[in-house]
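The following pair of complexes shares a single chain, subunit A, combined with subunit B in the former and subunit C in the latter.
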Partner chain A sequence: MDALTLELLNGLSTFATLGVVALGLGIVFGLMGIINLAHGEFVMIGAYVSYVVHANGFSHWLSVPLAAVVLFVLGGAIELTLIRRIHRQPEVTILATFGLSVCLRQVAELVFTKDFRGVPNPVPGATRAFGVLFPTYRYVLIGIAVAVVVATLLAFTKSRFGLTVRAIVADRDLAEASGIRTGIANLCAFGIGAATAGIAGALVAPLGAIEPQAGLAYLPGAFLVVIVGGFNKLWGVVVGALIVAGVQTGVIHFYDAVWAQIASLGLAVAVLQFRRVSVEGASA
Partner chain B sequence: MRLEAHELRSGHGGVPVLHGVSFCVGGGEIVALVGRNGAGKTTLVKTVVGLLRATGGQLLLDGEQITRHPPSRRIRAGLRAAFQERPLFSQLSVADNLRLSGHPVPEHVLAVFGDSLAGRSAQRAGTLSGGEQKMLAAASALASTASILLMDEPTEGLQPSNVEVLGDRLDAARNSGRGILLVEQHLALATRLADRFIVLSKGEIVDSGSAGERDLADRLSRHLAI
Partner chain C sequence: MGQRRSRLTRSSGRTAVMLIALISMIAAACGTSDDDPAEAEPASATAAPAADDGPASTEPATEPEPDSAPATTEAADAAEPDEPAAPSGEPVRIGILFSNSGPAGIFGQPTANIAEFIEEDINAAGGINGRPVETYLADDATDPAIGRQAMEQLIESDGVDVVLGTHSSATREAAKPLAEDAGVLYIYAALYEGGECSAVMFNTGEVPSQQLAPVIPWMMDETGGSKWFLLGNDYVWPRRSFELARQYIEAAGGEVVGEEYVPLGTQDFSSVAQQIAGSGAELIFPALVGGDAIAFETQAVDFGIGQDAIGRLANIYEENVLGVMGPSVTAGMRVTLGYFKEVDNAANSEFVSRYYERFGADAPPHMTFSSHIYDAALLYAAAANAAGTTETAAVAAALEGLTLSTPTGDIAITGSRHLSQPIYVAEIQSDGSQLIVQSFPSVEPDETCTP
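Showing the complex of A and B:
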């Protein structure tokens, strides 16, 4: 029973991490249709913000909002100078954001070297709950991640800004003819997507090594979540994260991490195949 | 407010459609733009709103150059369009469509056509009939504070009683000092409402006239090959 509870808590922790990492991609890729291969690097930069904050003697908790601000500005600048010129050409966007990811990794290497960095766990120790001991920081991470995801979902579904973004996604020309400043709305949406990735990076920083290649590990998982959760609906990120985290935790419990990755990829392929059949069936 | 186009040129994907079109729409008048399918009427409306880039000529709004302004700036300056195709965000609710167009109280707009659209706020716009979508787009434009309205075939798909209501609302808008460019194939409504006519053919203005001209109806019928 305790083993099952522990696996459930592990699954919840994976769900929270995946959800907050994939949230930004859900906005940028799922809603706006921009394939951003540099999303993992945004997470990596968020982790480095956490490292810099720690190295300068400040509290880890300061790094979470600071990473959001830094990544919002960086994301906005990238949208302004790069994405808005090419976003209607998916193949160009893939190449450009791939190049951007390489550049961001190289810049991180120039500034911080290839050395592994780390930040100490701000909430060390474990808490006994539901009959098992579980790292306290992971409880905190789950709480913050859920709060960030819920706040972002509300911002995109209940606010005027969210309505504006959905209108642009639905019909850009009509949005412009309705007086919507599509350029500013796109910049803000891309910036928010980057900011949530920054928050994710700052949150996961105490859990592992911080190095220039760290973002690469997060990109496939984030795409899996968005693909499984579905496009055009931001809450699909929550569903996708739940399903992917459930599959990964379950397979790791019975087999190992390699089979968990294989199962996740198989799930994404099956979902894409099912969607293709559904779309073809609907249009037949 | 006055909208002026001087030698306006535009097209789709490098293919020229408008070949130097000049016209003006002043406050308190309805100018009917007529022409056969493919004449370039919708291209003209999209170019004036800014969805298509003018490749030549000038657009002035109250004497101010707006030729290079983005659509949002033109809308804020006082233009508003109701489009022939895809007039609404089909995935959004009726209320959200109206909020996006600057109407915080959707019921006020829905009341423009009496009971025809009453109680539809929560309905997804894509589930309205084609005629209802056109009515809603027209109502949204009429309920706005824009000084110049561009109405692209607003009667298409409307039942006769609603065509009459729309005519009355356009007449009232004109009488309140607004200028209207009415793209219309429904000649009965156009001749009832318009102060002036412009005939567009293959991207050029081939005829124009005022409502009082005696042979106008014959000329319009000839141009439209009715």
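Showing the complex of A and C:
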């Protein structure tokens, strides 16, 4: 029973991490149709923000909002200078953002060197709840991640800005013709996507190594979540993260981590086959 | 409108398929790079020796080994008096294939630094057969394909007489055929999984049998623990290490209560931590590299399975990784390797002082990879002097059975073309420094090779 509770909590923390990492990609890729291969590097930069905050003696908690601000500005600048010019050509965005990801890694290497960095856990130790001991920081991570995801979902579904973005997603030309300033909306959407990636980076920083390559590992997971959860609807990220986290935790529990990786890739392939049919069905 | 949307969606579906392919390619590329125990980094951060060494001297006196090299090898360059003649003529070219960028690039700088010492020390001892040596560095970017090109460049453009390698096994497999075709001697000096055997190759890095056979029983005696959990990244080196570890553990009356592998680049160890906690393990042998090691150890503490609860014996944790984990996580861990800069002998103290004197107190630490490259160069010089030529077959014949004394300790090339060498166990202190608590001289590799 305790083992099951722990495994559920593990699954929940995996879900929260995946969800907040994939959220930005859900906006940029799922909604806007921009394939951003530099999304992992946004997470990496977020983690470096928390390292800089720590190195300067400030609290780790400051790094979460700060990473959001830094990445919003950076994301906005990238949208203005790069994405805006090519976003209608998916093949070009793949190449451009791939190049961007290489650039960002190299810049990180120039600034911080290749050495591993780390930030100490701000709340070390474990908390007893539901009859089991579970790391305190993971409870905090789950809380913040869920709050960020919910807030973003609300912003995109309930606010006027969300309505604008959805109008652009539905039909860019018609939206423009109706007087919607698609440029600003795109800028904000991309910036918000980057900002949530920054938050993700700051949140996971105390759980592992910070290095220029650190973002690479997050990219496949984030794409998996978006693919499994489905395009066009941001809440798909939640569904996708839930399914991927469930599969991963379950397979690790019953088999091992290597099979878990294989299983989640298999899941993506299967879902894509299925989804393709359903999309064609819907368009008929 | 519906039509437009569906087209858009379908195309993003298709691109998603492309993406998966692309991502798995990237992941695979990164995977192979990590592939390598050679990942490990510099030894202990703390100590930047400093102080007592004199000016960075280039006289042979600082370096006992080049001197002793010609001496220990019986034959070769006929008796020089005390001062060897300055080498002259066409240089002997020593290629060094190493990882100076990419994930394992973190280990590159110490090796590049040591290349300077290799030139200086061998030349100060009279060169090779009276000729000076020059080193040529080539970076594999932690990528086997680039490693192959780098090997080609060393052989074809630079015209090297020998290649010394410290890089991943994946790069070795990609680059080896070029050395074989060109008949160029290739000394692979990084610690690795063992099993290599080729007419042009010697392997002087630690193999798992050396790091583990003497140390596992010692560890069980020392701690009183006998139930082991083996946790490694999923590739050949951890798997080979665990295969042997299991034998040594069982031979010493211990028991393996769990064996788990995680993919390279794993960030979440919560499920694994839970398995370890429930396994009843008294000791953990983690064969994790780089960021995976940091993620596991920092998370393990909060799951109640830190070093204070379950002792660690690591075979790759090195200074950079241990430094990021921090002493609160690492204090008490034991690490088994063929070299630490804390190795206690006069030649090593002098060498390490000279290293930091030359490259600065905050230079990337001299560690097992750079130390093994240095030793490989000395072995080559001694063998080529003994053979009186740089011709591959003759040098190879002279290498077999060659013995040397270096800052590492006493080393000898075995009949299996590996290296009999000392193995040291360091214990991490509460200030994060490494203290050598046990040393095993002249540990034989359990390898066979008849090329």
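In this text, the second predicted complex is superposed on the first by the 278 of 284 C-alpha atoms of A that agree within 3 Å, B and C clash if a C-alpha of one lies under 4 Å from a C-alpha of the other, contacts with A are read in each partner's own complex, and residues count from 1 in each chain.
Simple rule for what comes next: a contact is a pair of C-beta atoms (placed from the backbone, for glycine too) under 8 Å apart; a residue touches a chain by one contact, two chains touch by 3 or more.
Treat the numbers as computed from the prediction; the structure is a model and nothing was measured.
*Asks:* Could you look at A:Asp115 and tell me whether it touches subunit B, subunit C, both or neither (first, second, both, neither)?
*Replies:* After superposition on chain A, A:Asp115 lies in contact with subunit C alone.
*Asks:* Regarding the shared-chain residue A:Ala167, is it in contact with subunit B (first), subunit C (second), both, or neither?
*Replies:* The first partner, subunit B, only.
*Asks:* Looking at A:Gln89 after the superposition, I want to know if it touches subunit B, subunit C, both of them or none. Which is it: first, second, both, neither?
*Replies:* Touch status of A:Gln89: no partner.
*Asks:* Which one hits more subunit A residues, subunit B or subunit C?
*Replies:* Touched residues of subunit A are more numerous for C.
*Asks:* Touch check for A:Ser159: first (subunit B), second (subunit C), both, or neither?
*Replies:* Neither partner.
*Asks:* Quick one: is A:Ala209 in contact with subunit B, with subunit C, with both, or with neither? Answer first, second, both or neither.
*Replies:* Only subunit C is touched by A:Ala209; subunit B is not.
*Asks:* For A:Ser178, using the defined touch cut-off, is the partner it touches subunit B, subunit C, both, or neither? Pick first, second, both or neither.
*Replies:* A:Ser178 sits against subunit B, while subunit C stays out of touch.
*Asks:* Can A:Leu6 be said to touch subunit B (first), subunit C (second), both, or neither?
*Replies:* The answer is second: A:Leu6 touches subunit C but not subunit B.
*Asks:* For A:Gln261, decide between first (touching subunit B), second (touching subunit C), both and neither.
*Replies:* Touch partner of A:Gln261: subunit C, not subunit B.
*Asks:* Starting from the residues of subunit A touching subunit B, keep only those that also touch subunit C in the other complex, and list them.
*Replies:* 170-171, 174
*Asks:* In the complex, go through subunit A and note every residue touching subunit C.
*Replies:* Of all residues in subunit A, those touching subunit C are 3, 6-7, 10, 13-14, 17, 29, 33, 35, 37, 90-91, 94, 98, 114-118, 120-121, 124-126, 133, 135-138, 170-171, 174, 204, 206-209, 211, 213-214, 216-220, 223, 227, 231-232, 249, 252-253, 256-258, 261, 265, 268-269, 272, 275-276, 279-280, 282-283.
*Asks:* Help me check something: in the complex, which residues belonging to subunit C touch subunit A?
*Replies:* 1-13, 15-20, 22-24, 26-27, 30, 103, 105-106, 234, 260-263, 265-268, 270-272, 274, 278, 290-291, 294-295, 298-299, 301-304, 320-321, 323-326
*Asks:* Within the complex, which stretch of subunit B touches subunit A?
*Replies:* That would be residues 49-51, 70-72, 75-76, 81, 83, 86-92, 96, 99-102 of subunit B.
*Asks:* For the complex, give me every residue of subunit A touching subunit B.
*Replies:* 160, 163-164, 166-167, 170-171, 173-183
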